[in-house]
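Order as written gives the chain letters A, B, C and D; numbering starts at 1 within each chain.
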Amino acid sequence: MDPILFFIFAAVAVICAISLIVQKHPIKSALSLIGVMGSLAILYLLLGAEFIAAAQLIVYAGAIMVLFVFVIMLLNAGEEKSPARPSWFAKLLGIPLMIALLGILSYVIQRAAPEGSLAFGEYTGGAREVGRALFTTYLLPFEITSVLILIAILGAVVLAKKEL
Amino acid sequence: METLLENPLLQKLLAPLIITIVIIAVFPLMAGYIVLVERKVLADMQVRLGPMRVGPHGLLQPIADAVKLLLKEDIIPRDADKSIFWLAPVISTFTALSGFTVLPFSHYIFVTDVNVGLLVIAALSSVGIMGVVLGGWASNSHYSLMGSLRSGAQLVSYEVALALALVCGVMMAGTLSMVEIVRRQQDQGIWFAFENYGLMLIPFMIYLIAAVAETNRAPFDLPEAESELVAGFHTEYSGFRWSLYFLAEYANIFVVSAVAVTLFWGGWMRPFPNVGFLEVPLNVGFPVLLFAGSGLACFPLARKLKDPLQAKILALVAVGLIGVGLIFLVPFVNDKIIGVFWFLFKIGLIVYVMIWLRGTFPRFRYDQLMDIGWKWLIPLGLFAIFLNAIVGMLRAG
Amino acid sequence: METSFLPTAAEYLRLLPETILIVSGTILMILEGLAGPRNRKNLSPLAIAAILAAMAATVAAAGNPGPAFNNMILADGFGAFFRMVVLSAGLLAVLCSSSYLTREKADSGEYYALLLYSMTGQCLLSTANELIMVFIGLEISSIATYILAGYLRDDARNNESALKYFLLGSFATAFLLYGVAWIYGITGSTNLEEIRRTLLNPESGASPLLTGVAAALMFIGFAFKISAVPFQVWAPDVYQGAPAPVSAFMSAGPKAAAFAVMLRVYLTAFPSIGDGWQTMIWLTALGTMIVGNFAALTQSNLKRILAYSSIAHAGYVLVAVTAYSDTGTAAAMFYLAAYAFMNIGAFAVVSHFSRTGEKYVELNDLAGLAQKQPTTAALFSLFLFSLIGVPLTGGFFGKFYIFKAAIDSGLIGLTVLGLLSSAVAAFYYLRIIVVMYFHEPGDTMDTITSPAPGIQIALWTSALATLLLGVFPSFVLDYATTSAVLVR
Amino acid sequence: MNGVPLSWYLILSAILFALGAAGFMIRKNMITVFMCIELMLNAVNLSFVAFSRHFKTIDGQIFTFFVMVVAAAEAAVGLAIILTVFRNRSTLQVDDIDSLRL
């Protein structure tokens, strides 16, 4: 059962990711990204990370992507005029570099990654475990993150408000 | 037959499957009747009759409406983005109906019990926003776009208040599983709304207000403000696609009410769960009186109707209602369905309150709406969390 | 176990500098909100007071070094050193900003709040002892700096600078994060000490190949932040576009913090792959020095020249990192401290000179500055001499220690090439001095006013610090040497 | 066959990461470029969760949690920056943003 589910959603994720970078219209790219995020959420469930799966949908699909779509709509961004004309930089570096990166990573993973088979249901990290870790071991990062969010709010206000 | 039913895999798969099918089959009908009730109640508040033509007292109106919607011409605006125009209502409906999967209708009727059930509902509702936003965008019309932007902003804002109110309830329950939340209330013998010397009523009120806004209902129905934006994000939608949005809206109302009932009103438990002598009057007497009484009340109405066919239909409905009431007298059956009865009854109450609000309050202006969300509900929600946490800690010693 | 996570008073003390910065940043923000747009006050004195308090707290925390909050941070001498560097850079940046913002009519508490938050992130980076803190510290520092770079949002140059910095910075963060994920996958931990133990333990079965790839991925992330070749492309555009005081801060504070965290991560966690790492840094250091110095030759915009010079200087520090020894680490620390002062000093002059809207930032606009404002010109020359590495300035001893450490580690080739490239560098610094002293003043010189008090304080402080480091380097170097041992 | 090897998850993660990085290089619309960065972060998250499951410890999930928070903060700031750029130049093409080049 597990491998079947894995392959279905891995395929969805990869197809959506490819669609993200080939779609001409930003809204469709955004939708593709939501597709990737959704299928990753299901893979997280397969990996027993229930809380993270739910958070993935709430934070990424529900908050971040809504923000993206909002901005695309506000700016009324249309299709790209010159979609398939990557600059020399991209041609020279981008694609071959990425293929090389992927090759190296896959080779390394095949050769040296820790062995192990992950079956569904052997280990789960629910809200309780995550919460406990956040408020004990990871207390400092958790509290400091609030500063990060404050900066984000402050920054958005500073950059977007009517007058300085 | 016995062995087949005892097969664990079958039990694991069959029960959820049946419940799912029942929900998908019954809910559209139910949504239709919620609308009928809404129209009737609103009419009553405005001293008029409401739908009266189709069926006795408009009882068959929902079916007529459904037929009309399904047979309507399917129009897609020429400049609309076809694929997204098609996808948006599907997203809305899918996420709204998926919320049903974690609702505990009674202690054994639920599709699945997830450890993070409440988060699943929050996740689905936050993804559901995409349906609204994309629908407005894909229509390629100013009214739709404005409506969807407003609606999206509203949903995102009120989701925060909603979540803060939920946190209070989760704090009381110590779990995110919907079934467990009700079990905790059963163990403690009290609905969470009245926990902490009644302080939990604050988050409940916040939840209720935010839920009304979250479902785009009056007085927060800005996205659909007819006078300004025609019909908001679904201006360009018609026929079947429109009815999908419509279904999603009512499914959302049902789900947010169900969450309120589960988290604050004891889910499938009867009122006063810890008072033993009320067992029989509430669990048997009340439903019997409710159904049989309303059935009996139909007879005088039926006699007044001039059309004999309509009178016959109404009498049939009355008999049906009495029959349902009598079922509750059978102890074995009562035991099985009383949970569902209370669950749905409480949801009905909350839906009634929502209709009531719609009939009473004028619509807010957009800036007022944002002010209420950000400047009142969210600080109040944070305050409620602190208050309930401290009081809860003191109570625990 | 249940109660052991409660932090002790000593642990709070070790976090005190960051706490002060966060609290005062928030107070500044609230004051700004309370004052309203009408009765704005210059809030820079408050920010200065907060930074001075944070400096005092750093000194106090250094008296009782140790880990805090479950080993999340390690407030040791190394951390204290970089905290001081970051705080000094921030202090000078605030001093420069005050008059700059008034001039651009953009004075607000939010700017200072963001600056303080950004410094919080950099202080956390200097003391981070866990990859999660590295990540969060880096993000706090970066996100605040992205906003600062685009702070004057009606200025197209600011927008562009912020956008480039943001897009490339986030891209780099993703690489860093991927490396962290791999390290976690190899060792099962994100604590630097534990990673070191696991990697050095031959029974752990950690593959060196995998560790190398992970360390390289993380290096990409760090290399972006320190603008090392080939990830330096953003730096000139960003430094040119951002407000001058922000560019000054960016070239000193975040860069020092990024070096701090890079040194700590590689020295503490990855001694097992030292050889491969050295080769990689060797190439990067060389490339960074050459690209920085040669590209600066062709520039005519002062901010761009300083940007390329900052790339070149990152290259010198990388030479010290390549040495991979305690003296090398100490030399890098000393150099970063000296560089912070001389570079902010130079940017302070540019910030003063460029006038409203940063209209005058071309090299030729400097013509005749020596006649109009001999003091400013003299101080600018001092900073430029220090950047060249002329004796009696901090820059000289910085370079001296770096190349000495490199020779001690047998990096003769790199040392020779580094010295050659810094000889090239002397050319473009001297060109600025020539324009200042030997060209006739143009019409644009008429509008120049005398430096604002804040700028003057910043100029004199930087000059004093540059000279002090040039005349009595041992005070700082000794401290750097004793604390460099700590991260090994 | 009732388990998925760890390396499959890692390869999926590597594929997504490389796609995101490639998208970053070849796309011209700055919003899409930003989305490619989000894709890369998501790919990293998958690795974290898979490793967390492999070690049966919660640490990787915690890291994922922090990455999400940071991504949200980044999105807010990044989109605000994109808005200011658009306000001044009315373009979303990265190539058009070149006034600083000499």
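Simple rule for what comes next: a residue touches a chain if its C-beta (ideal position, glycine included) is under 8 Å from a C-beta of that chain, and two chains touch if they have at least 3 such contacts.
These numbers were taken from a predicted model, which means no experiment stands behind them.
J.: State the pair with the higher C-beta contact count; candidates are A-C and A-D.
T.: Output for the comparison: A-D.
J.: Using mean C-alpha positions as chain centres, tell me how far subunit B is from subunit D in Å, no decimals.
T.: Chain centroid spacing, subunit B to subunit D, equals 37 Å.
J.: Taking each chain's centre as the mean position of its Cα atoms, how many Å separate subunit B from subunit C?
T.: The mean C-alpha positions of subunit B and subunit C differ by 56 Å.
J.: For subunit A versus subunit C, what separation do you get between their C-alpha means, in angstrom?
T.: Centre separation, subunit A to subunit C: 30 Å.
J.: So the centre of each chain is just the mean of its C-alpha atoms; given that, what is the distance between subunit A and subunit D in Å?
T.: That gives a centre separation of 5 Å.
J.: Touching two or more other chains, which residues of subunit B qualify?
T.: Where subunit B is concerned, no single residue meets two or more other chains.
J.: Residue numbers in subunit A touching 2 or more other chains?
T.: Within subunit A, the residues that touch at least two other chains are 51, 55, 63, 74, 105, 113-114, 138, 141, 145, 148, 151-152, 155, 159.
J.: Listing for subunit C: what residues touch at least two other chains?
T.: Counting only residues that touch two or more other chains, subunit C contributes 132, 136, 139, 143, 146-147, 150, 153-154, 185.
J.: Every touching chain pair, please?
T.: After working through each pair, the chains in contact turn out to be A-B, A-C, A-D, C-D.
J.: Please name which positions on subunit A make contact with subunit D in the complex.
T.: 1-3, 6, 10, 13-14, 17-18, 20-21, 26, 29-30, 33, 36-37, 40, 43-44, 46-49, 51-52, 55-56, 59-60, 63-64, 67-68, 71-72, 74-75, 77, 80-83, 86-87, 89-90, 93-95, 97-99, 101-102, 105-106, 109-110, 113-120, 122-123, 125, 129-130, 133-134, 138, 141, 145, 148-149, 151-153, 155-156, 159-160
J.: For subunit C, which residues count as touching subunit D in their complex?
T.: Residue positions touching the partner: 132, 135-136, 139, 143, 146-147, 150, 153-154, 156-157, 159-164, 166-167, 170-171, 174, 177-178, 180-182, 184-185, 188-190, 236-237, 240-241, 299-301, 304.
J.: Under the stated contact criterion, what part of subunit B meets subunit A in this complex?
T.: Listed in rising order, the residues of subunit B that touch subunit A are 81, 84, 87, 114-116, 119-120, 122-127, 129-130, 133-134, 137, 145, 148-149, 152-153, 156, 159, 176.
J.: List the residues on subunit C that touch subunit A in their complex, please.
T.: 5, 7, 15, 18, 22, 26, 29, 37, 68-70, 72-73, 105-106, 108, 110-111, 113-114, 117, 120, 124, 130, 132-133, 136-137, 139-140, 143-144, 146-147, 150-154, 185-186, 205, 207, 209-210, 213
J.: Enumerate the contact residues on subunit A facing subunit C in the complex.
T.: Touching subunit C from subunit A are residues 104-105, 108, 111-114, 135-141, 144-145, 147-148, 150-152, 154-155, 157-159, 163-164.
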